[in-house]
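Residue numbering begins at 1 within each chain, and the chains themselves are lettered A, B, C, D, E and F in the order written.
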């Protein structure tokens, strides 16, 4: 059995449970999925500040996963917080949901639009599109301006789906990437409503993570992703000493 | 059961069989893999001319697969010949091995080198790196100058592995992409020898293809990948009329 | 006398004749222009599938031209199908009409818009703009949604010219590239109507092809455009063996 | 008086003092410079892991600076850790030393080389060059493979200066950017030795920060750098609640 | 005292005086600012032709400044005319106002819009954004279509400020760069009116120029900015012989 | 008859005569070529300073050509000095030799190397490659470090040809662009010696200029290349008033 751990970087446990369900629904039968949240950090992630402060908790979860023999990790927040640091720490592969969704989108279309939560996060989405090589494929990043923790309320689902349709038309794009792990369970309905591929990064990252394990691939340790050097950490973060 | 068809675009049947074994070795238990070669076209692909003339055969295999209810396709030649046309024709996803290998490489490292057969094919490898968004991640394309059909001979394996090691050092890259489907079974050994991720696109494409099916994703039909318009084809190619 | 052969990759002979007339009208007195269509392939090219299946016919015409001592070739379809393979096969230069039109456009303005036939072909136009280095100069690709074989009907000319004007204004571009060889004879009228340079790739490619011959330039054989290796071709395509 | 606070993101206090001296040496007479280190985090920063865990301490120092009425901030580690989050939190401008050094380099030359500490950090330097728009100007990133905390030892200075000279020649570049705040006081000597501009980001960032204040410029709050939304933070990080 | 000379490349002396006032208003107390205009050239710069013919006068002013011991230069026209040549001639740093404004804008936001005079100059603004590395950060270049010499008339100020607001909203950008040195004194009011950073390149260039001097940085003479080779100049330009 | 005027921007008349011979040798029979030098400016162009001061003379020649009814212009210096301004002034097309050579190179190969005179000019060559869209196709710019006016001396020819061969091998490129109009008559010999296309921009620009005329194309006047606004010019340059 391959063990994929999905880390929701915020501390909203209901969202963690929903993310876990979405991941399990698409994983292959030979994969065990566990979903966790850090014990420290923000209740939702909607700014660079929130994202930066979510990272220590994500790294603590990676360290815990290593002790338990987890095979691969998914970071389930669309900013992919802590991805580089997590890759240094984990033995197996680590995939971010923005990364996975953008990779999947370019396998089923020439171009994609991103539909996300708050306008202030669109800059980060574009930054990730550049980082992963998909800036030319990304035709637009659109915000519904619904906070992460309000996505569960009934009108949100409809608003997101309508924005998917508008983005496809306005951008002339082939597919939609859902820009928040909290939208994972809108995916099937949005796809039916628009007739286009609508991609949830949680599911995509889970499948890609188990695929990398099956292919015998893990993060390269030749360069920047080598294990961090042992070093003293001070103050509140002293337990991160390795 | 998900049925993934791996199409070797050349007519070298021993290579097709080897490619099929590599694909099956990494597919999930719930996936059936079948490997085929076209009835027409070149015995190996080492030029734009060969590649162009391999495409009608690839498309005929896609058409045959559609009649049989195949769920997803892999095009197992590093030039990804006919990928765009195949996406128009197939109901399910189609993935090229260069595409899959480059996607996988960027999930396990910041950068990669490609190790391929003849020098004359390096331009195509760079073109695909640009097309897929990975031009910045690709640090070098290196040719061993061994023809495709000589890859099975004993010295070839060693030469390819040595070139992998040299490319990693010279380029300062994190991973190696094997630039020919005929190198698929060198992958594990090259990875052990170099201590770096060495990626075979056949395996990667097979896993990604079954993943897209599991995620409910198929090629978008909104734009350029819509089904081709019905039209008369003449001469030798009249049977391609749809 | 320099002999430039213009190959219309589809099998619509009336279009071939019109293309030949446009090429002859601009060629220098010292140039002979012949226009041909392949004996096999699609009657018009409006998808990746059509384009892929037009290529064997184009290559057969290059091979025929080589036997006749043709000096240079023009591939007269805006997707530039088979250009790389043709360059391997031909002794003299080979130019695509999209390539030529984009080169010409950047010699008479900072930027250009493309006006083409069906929306589904806009992705290919963008891909060529990237390939040739003109992605930053190309400000928009606009489709009139008139099929290639309906371009001869009276309303088409007016619709295309109106779209040229709208594209210039909307994109703030300096020039228009006509995105189909079937629009070649709209060029002068569109230019008069818009007051901007409107470029037909057939004429541009013809002049550039004869220019390269006059300059003593032919495709480099140092790298990927070296002559294809001799190799067995099977089935319907066995006659392509070289 | 303009108050510029220089934050050394690691906890090595001797380095903080040296950085403060370098900043003060170049600041204008009308500027007060204070240099601080966080109370939590790593003793030096040489990996993504170190960098990620330095960020909470940096943000705590920004929050403290805001209570004290600081006018502008410099983040004095070459990875520019926490820059985006700090911009959300601070009223005045925030500048990273990598950012400042690259900006300065392109004002005195067409191109630059970066000379940094460990090889594993070169990926981050390239990432920042891309982020800030200087990927084309950056001709190489070179590591001396001396750890940050050994830079004070006598042989380090000589090794760094020799690497500056080698980088200028090998890359054919116009200037050198010193890739670690711990190299700040090598700057004048390296410049004399090589005859080329050698740029220390600490000094450059300090001058640019006071310049932005003089120009009446502060970080835009229109988009992603608006103040973070009030939100509950848990566990070790609960004091970051705002 | 650091002596910064601001060169207004056109011959409109009232504009030169206003530019000098703006530069002095932001310079540090330890800096002397002098503002000059060439004795030859166009009365305003609104085309490539004007710009090209302003350059000899700019270079004559650099030569004069060198004789007087000027420490650094600002070229105060948004096309940054003659910047490369001036760098070869001057001992100290030379900064263009477009360059400075774009650098400053990216230090206070992720993106910016340019607001300029005539539409025909927008191509040059984009070219400079590419040259300096800020093409991705520049979200739009907008013209108010008011000639340079009419900027002093009352309605111009209001029109420019309204265009700043429209550009920020339409482009979704963080900041505005004023695209003409003649707009320098609109800066504070435009900033108040829009609530966004509005950047005048004259001030920014003045502060950056004095900063480079304080940092001991001057243009690299290693490569293309080495002093011009001695050579005979003929005709009207014979006095440029060096 | 089409009249193409070739403007050698420096005042070295022997070089002008040689350039004229090279242009005439490749022009079509229906074209008249005249070659001229300005009455003012530098005797050779080897710096930004030289280039800037060559431009007024180039523009005076364009103005003279317009009075004589010239159909198209070639600017025969590899920095393409004054190209944008000349396009505003001329009724017919204007082409630079760097521009033409790079365009031609990409029509006969995937990539090219530039072989030029002094190292200090390589930055300008790269800048033009970026400007014209050929930065990815340009694999290297190499200087022989022979001054322009020494190119006629016997050893220069051999040194340039050897550098062509070395550049092709070292860069793995398909073709060579000769980076100085003074190398025009080395072209045929260099091509024979290397077996690769070696491109002289003077010839290429002449053929492309007459081709644009034949195609009915002239510089767009819709945007930045509209005729300069009438305006007063002062001092030495007062005669440029239009």
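We take it that a contact is a pair of C-beta atoms (placed from the backbone, for glycine too) under 8 Å apart; a residue touches a chain by one contact, two chains touch by 3 or more.
Molecules present, by chain and UniProt name: A, B, C, D, E, F = Allantoin racemase.
Bear in mind that the values here come from a model prediction, so they are computed numbers and not experimental data.
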item	value
Taking each chain's C-alpha mean as its centre, the one farthest from subunit B (Allantoin racemase)	E
Most remote chain, CA-based centroid, reference being subunit D (Allantoin racemase)	C
Candidate from E-F, C-F or A-B with the same interface as A-D, over half of contact pairs in common	E-F
Centre-of-Cα separation between subunit F (Allantoin racemase) and subunit A (Allantoin racemase), whole angstrom	52
Euclidean distance of C-alpha centroids - subunit A (Allantoin racemase) vs subunit E (Allantoin racemase), Å	44
Two or more partner chains touched - positions in subunit F (Allantoin racemase)	110-111, 122-123, 130, 136, 172, 223-225
Interfacial residue positions of subunit E (Allantoin racemase) with respect to subunit F (Allantoin racemase) in the complex	11, 38-44, 46-53, 55-57, 59, 82, 84-85, 87-89, 119-124, 127, 130-131, 147, 223-226, 228-229, 231-238, 240, 242
Contact set on subunit A (Allantoin racemase) toward subunit B (Allantoin racemase) in their complex	26, 28-30, 93, 95, 99, 103-104, 106-111, 132-137, 168, 172-175, 188, 191, 195-197, 199-200, 203-204, 207-208, 210-212, 214-225
